[in-house]
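Multiple structures are listed underneath, in structure tokens.
Two complexes, one shared chain (chain A), two partners (chain B, chain C).
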Partner chain A sequence: MKHHLILKVITKFMVGVIVLFGLYVQFHGDYSPGGGFQAGVIISAAFILYGIVMGLKNVQKVMPVWFAQKAAAVGVLVYALTGVFSLIFGFEFLNYHAISPEHPKHGQHYGIILVELGVGITVSFVMIAIYYSFAGRTPRLDDKEW
Partner chain B sequence: MASEIKEGTLDLINHLPILQVITPMLIAPILVVLNNKTLSWLLSFLGALACLFISVLLIQTVSDGSTLTYSLGGWAPPIGIEYRIDAANSILLFLISIISVIVLIFSYSSLHVEIPEEKHTLFYACFLLCLTGLLGVVATADIFNVFVFLEISSLSTYVLVAQGSYLDRRALSASFNYLIMGTIGATFFVIGIGYIYMATGSLNMMDIAERVSELGDSRTVQAGFAFIVVGMGLKLAMVPLHVWLPNAYTFAPTVVTCFLAATATKVALYVLIRFVFSVFNYEDSFVNELFFFLIMPLAIIAMIAASVIAIFKQNLKKMFAYSSLAQIGYMLLGLSLVSEKGLASSLVHMVNHGFTKAALFMSLGAFMLNTKNVYINSLQGLGRSMPFTSAAFVIGGLSLIGVPGTAGFISKWLLLEAALGSGYWLVAVLIIVSSLFAVIYIWKIIEVLYFSESSESYSEVNVLTLTPIWILSFFCIFLGINTSLTVEVANMAAEILFK
Partner chain C sequence: MALTLNHLFAVIMLSGAFSLVSAMLFVVMDAVDVAFTEAAVGAGVSTVLMLSTMALTVRIQKEKKKPIILPIVVICLVGILLIYGTLDMPNFGAFDSPAQLHLGSKYLDITYKDMGIPNVVTGILASYRGYDTLGETVVVLTAGLGVILLLSGLKGRKNKE
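After this line comes the complex of A and B, so read on.
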């Protein structure tokens, strides 16, 4: 897409905005509509847009395949370890009271943020990994074939 | 009943129901992050061992007829998710855990033949997720949680089946078929859950059971029940809905076939049992008539037709896949008698057949390490060159037929007793006829193994491969002699479910 100058410039500008909005949805999930899943999809959309416009090679320089794979697993770990944390401190699995036993309401608040963070990480990197595995299969189109 | 959870103290005994499920779930992502081939085998093996240990502890706790409950996140049951362990599911937790341990020992030597090295880590991660799903389905008492775990196990199963494509590309289409059918099954199941939730406003099994009995004759509940039966029928390969099973079992890697044949369909059957007895009332006419007019005829068709088809299959994995369909027929038949004895025989057969079929598929896998395929002609004379594997295979075969002294005999005897006890003597005759078909196809293989000349000479597989096969064969005999684990727990389970 060498000659699509406008697309490229706009993409470079938009990627940052999309990621920022994703982070807003992520961390405002407990006050307003949103949460980990939606945020994950929005953040991955930034990378997928970059990949579509700049090419698979370029986006994989920013976000290597191995990193997407491992980060997806890390998200699950964040979720599960939040549960194990409460388990170790003698509460039920995923009982957020364990995070702040003196202020159970705060505990609930922090707990849901942590769990949603895990969801967000996993969803965004899984989306990117799915995009990679689809995009990596097809032969890339030349500019002349458009 | 375990003591109450004291907040602020680390007391893992009270957390056994959740630890059973989250141990493999925690290890799976760690494997992906570490990405080390040998370490991933070791960690999955240790995780499976831990699961086995926990399931033994659980079975000890509930073997006196008590129930263990655990509320996730500290939310009390009707609102929060509840895990509920009693005799019925503790025995299945044990089956799933022990099969996973044995299968993982086997995978150490067999996997590198079937799957390229760089995929091993992800394979083990998938395997552990499948284990998580199966354990979760069995442990939970929340119907939506059942669906979630069912999907976790099914999705990883599709991936695991597709891994057979490095030996045979047909694994891909088999896996895709399974994906479509399994997803339709899951959709039906979740629609059923939706109807039940619509009618009762609850997702907790015990709570629903109370509310359903208050509702009386409700069309919504009946529609929900119908959807759940069809959905689970797809997952457990009830006969007209079984088309995905033979190919999935045939083309999956041996490790996966062993694990699925021994656990996956049983878990789906367990869900059906749970719904019939713990959620709905088995005395209601729409449940009762379904069993008499639909499940029983289908089970008998499965028993006879699948056994006949198995006789004519040249690919032994496919032969035993059809034999699995017949065995599922036995389990459904036990369930469809709607009697305590019938249900107990069904539960016992789940465990016994799990060990038997795993032993058979695993020894086929060991043959395959040498012969590269499992067509009946390529096994000629292997009884002499691979004596230990063949002997284990014969023991598994005898148990499948139901020869006295093996595990298969116990469950078939119980099933016959239950059928005669309910007055279905014709059904009892058909059970014996179906067993005779099993004699034919097992004998065909024994003849090839022992009474024909081998064209090539192979050497026996190594000790590490033989160990899991012989553990399973040992169980085939042990469960035929010592029935305290299976029959007593199953009787207790049937009693609890019939309350």
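After this line comes the complex of A and C, so read on.
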């Protein structure tokens, strides 16, 4: 897509908006619809859109392949460590009361945010990594080939 | 026309449009979280993945010599059976359906008291059913690892040769 000027300009504008909306869905998930999974997919959609329009090389400058693949595992780690955190302080696995024993409600709130963050990180980077491994095998296409 | 469509680009676009329409259906049925997922995954990411698969393979399906009457009959039969199965289900939104009577209403009652957050879906997913969601996250990671190993692993081997 070398000459699609309109698409490129719109994409540059939209990528920021999409990521911002993804972050809203991520961190506002306990008040409004959405949560980690939806936010992860939305954020990865922004990168995939950028990759489609600007080319795989350009998006991999922003988000290298190795980073996407490693960061996907970090999300699960964040989730599981939240559980281990409660284990250390003498509560059950993933019992968020451990985060703030005096205010169980606050503990639940923080725990949910942490856990959703883990889900979001894993989902978004897994989606990006899957897109990379598909797109990396595709030979360069002309517009006529579609 | 859509039954005999063999231009794969059009088929993928149609399935994306179908996902978007079913997302709207979920919104109408008040399942906003599901609609969100359907719109983002079904209409967005999976359409892109199918398009890149198509770019790797062919654009047009081969003409089939066999008639397609038998598959259509099977699909209609299964469809009729599924619709027959739904006749026994409670009406949409019925307050005396089993799902509303026991666990559902309990969660609606206790979520706000326990955590002080209004979105019950998030409360159940992240706190009451935290184990399951951890498992789901691991499943997503494993699926991604599988795809990465299958697709990038081959490429690395080819480069070495």
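Just so we're on the same page, the second predicted complex is superposed on the first by the 141 of 146 C-alpha atoms of A that agree within 3 Å, B and C clash if a C-alpha of one lies under 4 Å from a C-alpha of the other, contacts with A are read in each partner's own complex, and residues count from 1 in each chain.
Throughout what follows, a contact is a pair of C-beta atoms (placed from the backbone, for glycine too) under 8 Å apart; a residue touches a chain by one contact, two chains touch by 3 or more.
Just so we're clear, the structure is a prediction, and the values are computed from it rather than from any experiment.
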item: Overlay on chain A: chain C relative to chain B, clash or fit; value: fit
item: Partner chain(s) touched by A:89 [first = chain B, second = chain C, both, neither]; value: first
item: Touched partner set for A:27, first chain B, second chain C, both or neither; value: neither
item: Broader residue contact with chain A after superposition on the shared chain, chain B or chain C; value: C
item: Touching partner for A:80 - first (chain B), second (chain C), both, neither; value: both
item: First (chain B), second (chain C), both or neither touched by A:110; value: neither
item: First, second, both or neither for A:118, with chain B first and chain C second; value: second
item: Contacts of A:67 with chain B and chain C, given as first, second, both or neither; value: neither
item: Chain A as apex of chain B and chain C, Cα-centre angle in degrees (nearest 10); value: 60
item: Which of chain B and chain C A:101 touches, first, second, both or neither; value: first
item: CA minimum distance (chain B, chain C), superposed complexes, angstrom; value: 5
item: Chain B and chain C footprints on chain A, overlapping residues; value: 69, 72-73, 76, 80, 83, 93-94, 96
item: Chain A-facing residues of chain C, complex; value: 9, 32-33, 36-37, 40-41, 44-45, 48-49, 52-53, 55-56, 59, 114-119, 121-123, 125-127, 130-131, 133-134, 136-138, 140-141, 143-144, 147-148, 150-152, 155
item: Chain B - residues contacting chain A, complex; value: 5-11, 15, 18-19, 22, 25-26, 28-33, 35, 70-74, 125
item: Residue numbers on chain A that touch chain C, as the complex places them; value: 25, 29-38, 41-42, 44-45, 48, 52, 69, 72-73, 75-76, 79-80, 83, 93-94, 96, 104-105, 108-109, 111-112, 115-116, 118-119, 122-123, 125-127, 129-131, 133-139, 141, 145-146
item: Complex contacts: residues of chain A adjacent to chain B; value: 66, 69-70, 72-74, 76-77, 80-81, 83-84, 87-97, 101
